[in-house]
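What follows is a group of structures, each given as structure tokens.
Both complexes below contain chain A, partnered by chain B and then by chain C.
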Partner chain A sequence: MNKKKIYTLWFLIPSTIIFSIFFLIPLVSSLFYSLTVWDFKSFTFVGLDNFKMFFSERSLSTSVIHTLIYAFLTCALKVILAFFIAIFLTSKIKTKNFLRSVVFFPNLVSTIAVGITFAALMHPTKGLFNLVLSTLGAGRIDFLGNTSLALFSVIFTDVWKGVGVATVIYVSGIQSIDKTYYEAASIDGANGWERLKNITIPLVRPAMNSVIILSLIGGLRSFDLIWAMTGGGPGFATDVVSSVVYKQYAAGFYGLSTAGNVIMFVLIAVIAYPLQRFLLKREES
Partner chain B sequence: MKKQKRRSLIGDILGLIFAFLIFIIPFLFMLTNSLKDRRGANQMSLSLPDVFHWENYTEVLTFNHGIVLTAFKNSLIITAGAVILLIVTCAMSGYVLQRRRGKVMSVFNAVVMAGLMVPPAILPTISLMQGLHVYKTLFGMIMIEVALQTPFTIMLYRGFMSTIPIELEEAGYIDGCNRGEMFTKVVFPLLKPVTATVIILNAVNIFNDFTNPLYFLPGASNSTVQLTLYNFMGQFSSSYNLLFADVIVITIPMLILFIIFNKKIVEGMVAGAVKG
Partner chain C sequence: MVNVSKVTMDYATELKGVITMPQIGWVLDSDERNAVQKQYQLQIATEPSFAETVFDSGEVESNQSQHVIAPVELQSLTRYYVRVKAALTSDSTSTWSDTASFVSGLCQNEWEAEFVSADSDADAENSKGTYVRKGFTLTGKVKEAYISCSALGLYELYLNAVIDLAKEKLGITVEVEQRVGGADGDNIVKTRLASGDMADICLYNSGSLLNALNPSEYFYDLTNESFVSTYDDTYKETVTVDGKVYGVPVASTQAGAILYYKPDYEELGLKVPTTWDEFLANCDALKAAGKTAMIGTFADSWTAQVPYLGDNYNIIAADPSFAKNFEAGTAKYATTPAGVESFQKMVDLNQYYNEDYLAATYDDGCDMLANGEGTHWIMLTQALGNIYSLYGEDVDKIGVFGVPGDDAANAGLTVWMPSSLYVNKNAENMDAVLAFMELYTSTEGLDAYAGVIKADGPYCIKGYELPDDAYEAVKTDMQAYFDEGKTTTALEFMTSVKGANCPAICQEAGSGQTTAEEAAAAYDEDCKKQAVQLGLNWE
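What follows is the complex of A and B.
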């Protein structure tokens, strides 16, 4: 059989055409347009001015910091919380299938719907969260109106919505661990913590790597939840790079907006890509 | 033995309590407030409605000449169109990418990997779509969704292809199949399980997509479900009963889908994540 003849490149043509026109070509041309001032019809080349502007204007440059905080914190919380939820949901409890579904379902709900609901739950005077706090005797908290708190309130909601996917990835990783390891460990007299430390954690590492990469990239790109809950506010307190891209586009600064887009590519390229390489290498060794 | 049983029972009870407090209450909150009158809902409490105002739902569905129903129609067209195109194009690509080796293939594979991570370059895409006269059209939106989901879908198909023995194809050639028949009559039917995963995951992703329609499909006549919900946030800021009625209307299709395809959805998400 002549493999080259059978597995013809013609089969790749439809995907390649659509992917090139609607993804690759814009991606490449964004590198150029980020160096211009343009309005879709004409452009003037301005060199690195857009990037200089981005990093000298505090309202814009903080968005990079917020993006990093958002991505790393949502990622860390999901990696840790989901691990313990998954340990619990693979133990010998009867309701585990039901509980897995309950934890997972928020992932399928529209992000805007989740944002609206949690914005209401976090309402400064009437929200349910504050009702609970005041019955516990604590003061009211303005979860989304306080500039130093708003970002963390959105992060909390993101983790609520996304922890389920991380959990089911861990669950499948834990279930694929050979039961005989645990049996051997029990015979050797290992207690629960030792089994967790010496068997579960090392062997669940591939699943953990998937969770890390998936949630980190998701965090770096996130836009819709922030947009629905705070719109980047109060002030610029929850602006991330992707919301700056939208705001500058809406304001008509297309070159600046495209520069923001390019900064997002760079962030992902210098953080997510080397991290994935590193994690895969560690997994192999 | 008895001790273990009691411990697992305590686990069950604690698990149910936590799940109820953390994950179920927000949904009850949506539901109960969607059935209150305007004043009741604006208090944002978890209490049951005094009277069940089912008419909130008819009001939402008929609001602004039935914009929600139009949005559902648009979202369904985009989702169905994109999913069908994705199945056809990505099954073909995944098949060849898994079977063939060589330099060209490594380039394709690297592009697919990068495509899983990199977000779209939005403004150049809009500009290019304007040039092609597909900006603000359902067709253009379908193409965008196909392009953005292509790396993930190819990866699923490519991964599944590796489980299909090549001997089946060899038998096909001996029976005189040509390349096209080989794919349509032998390979594609064998891909059925992963095609089911592809349909469900992409349908959920595309139906729930807010960001891309926000950029590529603005304007009232082409509104999608997520865009109408977002716009209602402004319009109904003082009538939470209607806002939450719309939230429920959007959430229920997903709940039904999840109840029917629970296992398939969860397995698909895990497979997609682990292979990516």
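What follows is the complex of A and C.
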């Protein structure tokens, strides 16, 4: 076989330059600076001290756990809720287009605005949620003040806001399923549940995989909603890695915050890459 | 009975800078039923006596009381007075309303001023944020004066009381350059000092930051000036480096202390506590009476740390060398009894807070305290200024006492010192500068300053009595601590080590998530990060 190269490798130069300047160099330099104490002008090499500090100090190490809870829970809820909403929205209902818009609307609002609004709705005495609860005779719930509840209140808000995108992905997946499968199944006497289990779920898997990966990575690096709603508080009860990184940076601990970024990078890579492999393999088989 | 109340001009009760006659409106107050206006009379004059009017409608038969148009050609920069009287269909007639007034702007296009602008277009382009400035001096005694100003961009206009006084008394004209705050401003000061380009007087922080500036190299030693002897001792320490005094206090002090609603104390017959146990007893009494004993405003997390910061008096009282050893890394909060106690106080208070203390903000706190919805608030006394601007004279219902410790005989106040003015060692006009400093710290200078900005705390000058219109809490409560010498500065004036997570750690302790020991240990750990960044050798 005499396969000739059609294009010269020089064509790679522009994109390589851009990729190096904006991705490779920052990546390598942040790996380096995470091992130092620096203030933009000068640095001292401290080895792995920053990482040790990150995992030994309670206020920092809990953030890793919170990040994992946050990412997996938002991901799971979005995957499940969005699937059923999508099933509902692809069935034969009136006002289908209107309902689809309604589901997608929360996603169009700025995350910060959503955060501020929900923080107000969840206010322990003046918030709408608690006014409704107390009118119904139930006790008040301190959604954002109760430390064991605060993280879940933010997760709830994140799901409310993010479920729209997941639904849209599912809807497109479901609509691309050939109608003839359903016809054939009906003729064979399959009921609704059997059609769902044996046709819809297997064939919507590519869409489901996208939803899983996207919402998991989104959850792992989530920052804006948490910052707007609780600022990581009360105390450190809702601190995630990215909010810790931000706080350390604002305090002038650049080395430590860079180490936090490296940890976040590793965390996302370690979780997302094998998961992607696994999901793709399952899709192919 | 009928009254004309609330005369408005273009819907506003006060109006400045209008160039055409505003529309007049008013509100009728009457205790009669079915009251309808039958006639009105509107007068406009340029002096409040209305001896001569520029417009008098005479008695007009009309039920109109809004959008009343008076055919008046306005003169530029003049104050016009407006009053109205009205009669009802029932023939009851009102007296003249309270006089309202407005000030006209430049009505005839006689704008003669020039824009104050950068020297050249290039200058304006080169600078990140161009700041152009024009100073002027008022001559003669002013009863009332109007300034018309306009700008391409933002502008700020101010009259500087002490500087005007200097001009009048000493014939010195002081030019002010404004610098930005924060880290950028810090760099500007350091760079200009290092390059020998500093103005004669420089405004900078007092305390540990001054130490870091190496003052003996740049600033004139004021130790032997007569006015230094009038300094409050606590303040003097913050501007003293190696036994030499460098600074002049630029404003009043403020304190981190317990603000309390005095009517609640009177109602329950409570006394100002001198120990922490007495304070908790007061809180219990208030709680038993169904009141909110403590105001918590943790939604603004910085407010959660004030109980700890304001407790520094007690820590230093227990161990005067704590700050020095803390900076050296040998003293820790977790191993100092008074240090742990400081965090214990936050834990103690948890049960007394308002229900929504985690969601309430600093602004909510001001409202709650001023309305007596909560009795105690541990806060910086700058809150008095906020409350004054919202609630006026009600601010005098609020008293202040320091965060109590264990020793009733030694109850004191933790104080934040003002920034200071420093004299350039190589000042061009040394005599004038020193005379200005002397004036600045004299009773006359302080009066001029206090006349413009109400003090959030006593001044750092011994024997100076605050003017009568100062806040009650400042004039009596806080001044007493100063007179007895029972004040200590906040820790940030003694060492530059302050943990960045302090607000969150205090929030945890204050909301009962951690014990005092855990919080103190966490804070020590947090401070270590700062020490590493500052290059201090801990351990």
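Going forward, the second predicted complex is superposed on the first by the 263 of 285 C-alpha atoms of A that agree within 3 Å, B and C clash if a C-alpha of one lies under 4 Å from a C-alpha of the other, contacts with A are read in each partner's own complex, and residues count from 1 in each chain.
Operating definition for what follows: a residue touches a chain if its C-beta (ideal position, glycine included) is under 8 Å from a C-beta of that chain, and two chains touch if they have at least 3 such contacts.
The model shown is predicted, which means the values in this text are computed figures rather than measured ones.
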> Looking at the overlay on chain A, is there a clash between chain B and chain C, or do the two fit?
Replying inline: fit
> In the superposed arrangement, does A:268 touch chain B (first), chain C (second), both or neither?
Replying inline: first
>> One more residue to check, A:184. First (chain B), second (chain C), both or neither?
In response: neither
>> Per the contact definition in the header, classify A:217: touching chain B only (first), chain C only (second), both, or neither.
In response: first
> After lining up the shared chain so the two structures overlap, which partner does A:247 touch, if you call chain B first and chain C second: first, second, both or neither?
Replying inline: second
> Mind checking the angle chain B, chain A, chain C on Cα centres after superposing, to the nearest 10 degrees?
Replying inline: 70
>> By the touch definition at the top of the document, which applies to A:138: first (chain B), second (chain C), both, or neither?
In response: neither
>> Once chain A of both complexes is superposed, is A:57 in touch with chain B (first), chain C (second), both, or neither?
In response: second
> Between chain B (first) and chain C (second), which, if any, makes contact with A:91: first, second, both or neither?
Replying inline: first
>> On the A-aligned overlay, A:123 touches which partner chain: chain B = first, chain C = second, or both, or neither?
In response: both
> Which chain, chain B or chain C, is in touch with more residues of chain A?
Replying inline: B
> After the superposition, what is the least C-alpha distance between chain B and chain C in whole angstrom?
Replying inline: 6
> In the superposed view, which residues of chain A touch chain B and also chain C?
Replying inline: 123, 126-127
> Which chain B residues qualify as touching chain A in the complex?
Replying inline: 4, 8, 11-12, 15-16, 19, 22-26, 29-30, 33, 42-46, 85, 88-90, 92-93, 95-97, 99-102, 104, 108, 111, 115, 117-130, 132, 143-144, 146-148, 150-151, 154, 169-170, 173, 179, 182-183, 204, 208, 210-211, 214-215, 225-226, 229-230, 233, 240, 243-244, 247, 250-251, 254-255, 257-258, 262, 265-267, 269-270, 273-274, 276
>> Going by the contact rule set out above, which residues of chain A touch chain B in the complex?
In response: 1, 3-4, 6-9, 11-12, 14-16, 18-19, 21-27, 29-30, 33, 40, 88-89, 91-96, 99-114, 116-118, 120-121, 123, 126-128, 131, 160, 165, 168-169, 172, 206-207, 210-211, 213-214, 217, 221, 223-224, 227-228, 242, 245-246, 249, 254, 257-258, 261-262, 264-265, 268-269, 272-273
> For chain A, which residues count as touching chain C in their complex?
Replying inline: 37, 39, 44, 46, 53, 57-59, 119, 123-127, 140, 142, 144-145, 147, 231-237, 239, 247-248, 250-253, 256
> For the complex, which residues does chain C have touching chain A?
Replying inline: 298, 301, 355-359, 500-501, 504-505, 507-508, 511, 513-514, 522, 525-526, 529-530, 532-533, 535
